[in-house]
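Got a structure for you, written out below as structure tokens; questions coming shortly.
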């Protein structure tokens, strides 16, 4: 089984980014089931990090295009590498192989292990969108709250200890004030920094790492012999009817 | 008061499209309040029409970019010209002037005139996304159903009479089977073809034209002295902190 | 276009009330679109102010009767002048011209500009009824909270500065504790005292004045060519069948 | 224990009405628990029957006034005699003794005996308002549907057999199409004609008669030693503060 | 009318338990309507008290078996004696006579007297299950919160004054922080210790005692001439088809 | 990794049952990830099959007891082998190792692959309970309907072709009438007969087999390094405080 993790941004264009891609690939491979090969890729252009709806949308066209190529390359499933699940519905319209969104998969897994979960994310600017996302993704019934550490994504790795400290603080508020019994980090960078693993003992509740949960969820989906429903995520009519030969054809560029 | 209608696609790149833009501008100006000037614009590249989530997303980056320019040009408010409200949240993150989404405004106006409304849209492929949209936009409580005429957007103008006939048929089902007391056409092309106006007498319930409702809703918002809440639609942190000078800076292109 | 604002109480029976009616008429006319004429009227008998469900109900029979007369007089639309929308459904059963409730229109407009809104109203006694109203009116999905300044309606004008101060205080709590990003004053007297306008800058979020929003919403409804659905607000069967000649006939008085 | 059934209309002003009052009193007394005395009263003026929101509202001022008198007369509890519960909140604001609404009590009792209940009411004109009522009254979670026999209230007694026949027909649709497992007649006249009792065997599900259920619910409330919460249904501030001496004082009549 | 209160545990196997059974029977008989005879019984084996879902489930098989016998003995209705309503649905599948659950009946009665109710229960361990119970039982719309005194059930009687003190404390928080206007004790032992009665005056809101409310609710159901819907709580197919002669036959014991 | 599938009934007491256990074990092992060993066990006494809430409850005490033993035996996770998830909360109160319920896991997986799912189960008698289950389990937002083939569990294997035929019929109705885009069989026997696999091609939507999905979900949970939250599923206080040494101690048997 060959899975591909698709970063919704051009992470690999700098040497540091390339290293980070490698580091993430290694994390995923380490947690993969025996016989599962995981690789990682990114998109040629897009936002440096995602802290707004605007940046989410900026990432989508290239991500869908890349997903289309990945299907052609023969991968068995795609891990959409952003907690906000940007463009998840569009990817599923375009490809038939399973695409798992980190946010959706983790919210559903959290719904399976507790009664009320909270998401600890990066900045206040995504709290509103993320509440909306959790509610439309199927995990809304058990959502207790979304809270932010208010550290920009690109600064997280500069002081991991500080990020852990604030995460513990917000996690504690989620447990005590919002009555959460389960936690999630709502940001892949927080996930790949293994912040949940670092906080779980201190907080005493399951703390889900979307990087890991998402991978296992995709393995579970493939292992169950299913993919997303094409009746729910219909192929765009212009493609279904043959009017467009490929997704790229749907973008008419001005002369 | 100067308002601008922003088409989420490159409509003006063909002579027929240019004519259609002019025709739409005229419709809007005709329905504008005295003293309100309405113009129309489009985006340089994007989908030919929107019948899937993928095409919605394809339209957003250029639409946001264009909205940013329009604010700089001094327009008082923006009409986002697609019933699916693609990127509405992102536009509001980027500009301060009011941006009204056709879908949101019409769903809320329908909520004000009846107890249960149905949307008659173009193709089955958008029913799922549109139900999701109506539910997150604030109009979910009164949504009875979304139904489709299953005529591609680009074919609507070829046989307006056929479109009217199927709309009446689906509208009747919405009233009788789904107990709707109010109707909306969920597609701007259906709106600018004045299909609701053509069907209302036959169906005997208010039939909202989003092209017209959206305009009046924006006039109402401006007349109320308010715009969208920047606490709800926060400026992207990288812009707020000065890290990026403009929205375009958020898109790092690979060398 | 001729609109009439209908006060749900006998405001004009004292000289001060007459002056207040004139002042309100002036406020409305000042905010009306060009070409829109707004007048104001009241009812011959009813409660001095509305701070309970009982007082709401006391106002309704005369208000409906007056609306019926106003339609006969040829007005184009009616502004029901109380935030609680007392009898809104009944007015719509009786008249065909658009009737806009201040509470409903403002809740829906708030739903269009933010993600969570709070209402700051007069007394604790209306918090429960107002939560119920917001939830049945179509604006329930985005309601964050209803809070009260606990100043009786008839005392508001005696010390406008005090009212502003407490409104800012409660507005701040709504933003910080209830996470509102948009505010409304839930009382027409607070509206005509222009309390929202006085507080908006300090609070930094859109603060909707129902007196103004309601007017613009009615203009928008008329400009959209629609009125309320008679399938939702059916004519009372005794009138529809000719058993009663007028609404007044439905009230059988004992000999 | 002395209970009073308060008809929301001037039923007793005709000889036939007087007889009907006596007949209803007898029905209630027959079903009362040992030691419970039930009497019946009406209001001096009001609608002949209630088939619209307008007629509901017409009945309220006199009903509240009468409830206030009844409390002074020493009754232990009030049965509000209309399925629509017109003015229930207002009565509770004004009196301290328990007031039970037929609609609310029966919806809650239906919620206790089944998983999904339907209401069979008189005319299409009250379906919308009744759905709204069931949802705000606490019984919304288990509401399957509201259906109408479309026989005017005042004609029900002319052909009881016809009413029974249509009720069985609509009841069957509720069971088969809406999956109801429990039924209610949503009209007191249908109740006092003992239509549920006549249909129950045929339909094979519990069929609740609000006339009877309401009485037993009030006995249960009194037997539980509780009344409605005055924190939920606050005394109008003008009365609480002594500004008004009685509810009637809240109605300022024009000179 | 002969009612039987069925304790979901083997209370009567110790002398103290026997005395407590007698005391509870006396409380119920004291509150019964004239002509109503109430007796009490327990089950031969089961948990000593119920403070977890596990203990709830432990009590069910014997409780259903006992209910089946009680129906055969000719009782008119059964009071299921645990606030968590353990096995309520199963009892109703097996017997035709009305079975009233303390939790369901009290939540519905609370929904009839206020707008928001809170439950004060014994231990944190049942807060989650009880929220779930209140939401599926029909009373979810008006639930404000569930709070715990954190005194084990079996210790409650050792220091009734302490229990009252903490109940008042938690009740006050429910009113002030969770905006409850109505309270319930979510534990039969707290009920039979008459803790609600002891706290009501201090707290100033209706405080429902499930021991009493449940009894009156069953009287109301019987007085209404109805029982639970067998279409909602279907007889197990094996019994309906004659495959099993009695409920006990459904339990195949290993040789 | 060693997983154990725990049948909620005494399947192994007959030779046919023993063979069926072996067959199920083989199915699970065949679908397990490399390195995962799956075994199967049952309970010494319990219902022959589960077609009612009563039979669910009958199975729980022994199932919890068995789970407690299985944890002691060193298994890594437990598959609760009944779609109704009987006693899932109780098992989680008693053990720390992950326990996955077939119903919950499959409903959540269905929520991840579509927008609306339907469950095709065995008999009408479980439709109501299963709707309740789906709604409290976290998967309620996307539930379209529950439908039944009305074949008793124990007859399913007698005519697999008939079962497939009716499943296809009901599945088609779910898709066309209830607008489901994803299906589940709500019965483990239907799962182990591989009915979903047999119907999927014909129906054209993902058809989830809970036997397989549940296994993969547990692998995913273990692979994510998490178990259920003990703050959500608290250890029963009597055990936590040392009052009881083991779960069995909570059942006081009468002398």
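Letters A, B, C, D, E and F name the chains as they come in the text, with residue numbers starting at 1 for each one.
Basically, a residue touches a chain if its C-beta (ideal position, glycine included) is under 8 Å from a C-beta of that chain, and two chains touch if they have at least 3 such contacts.
Not measured: the values here are computed from a predicted model.
Between chain C and chain D, two chains of identical sequence, the interface residue sets overlap for the most part, with shared numbers making up over half of the total.
Superposition of chain A on chain C using C-alpha atoms only gives a rotation of 120 degrees, nearest 5.
For the pair chain A and chain F, the distance between mean C-alpha positions equals 28 Å.
Distance between chain centres (mean CA atoms), chain B to chain D: 45 Å. Residue positions of chain D touching 2 or more other chains: 115, 128, 132, 135, 181, 232. Interface residues of chain B facing chain C in the complex, by the touch rule stated above, are 31, 33-35, 98, 100, 104-105, 108-109, 111-116, 135, 137-142, 175, 181-182, 197, 204-209, 212-213, 215-217, 219-221, 223-232. Every residue of chain C that touches chain D in the complex is listed here, in rising order: 9-10, 13, 44-48, 51-58, 60-61, 64, 87, 89-90, 93-94, 123-125, 128-129, 132, 135-136, 152, 232-238, 241, 247, 250-255.
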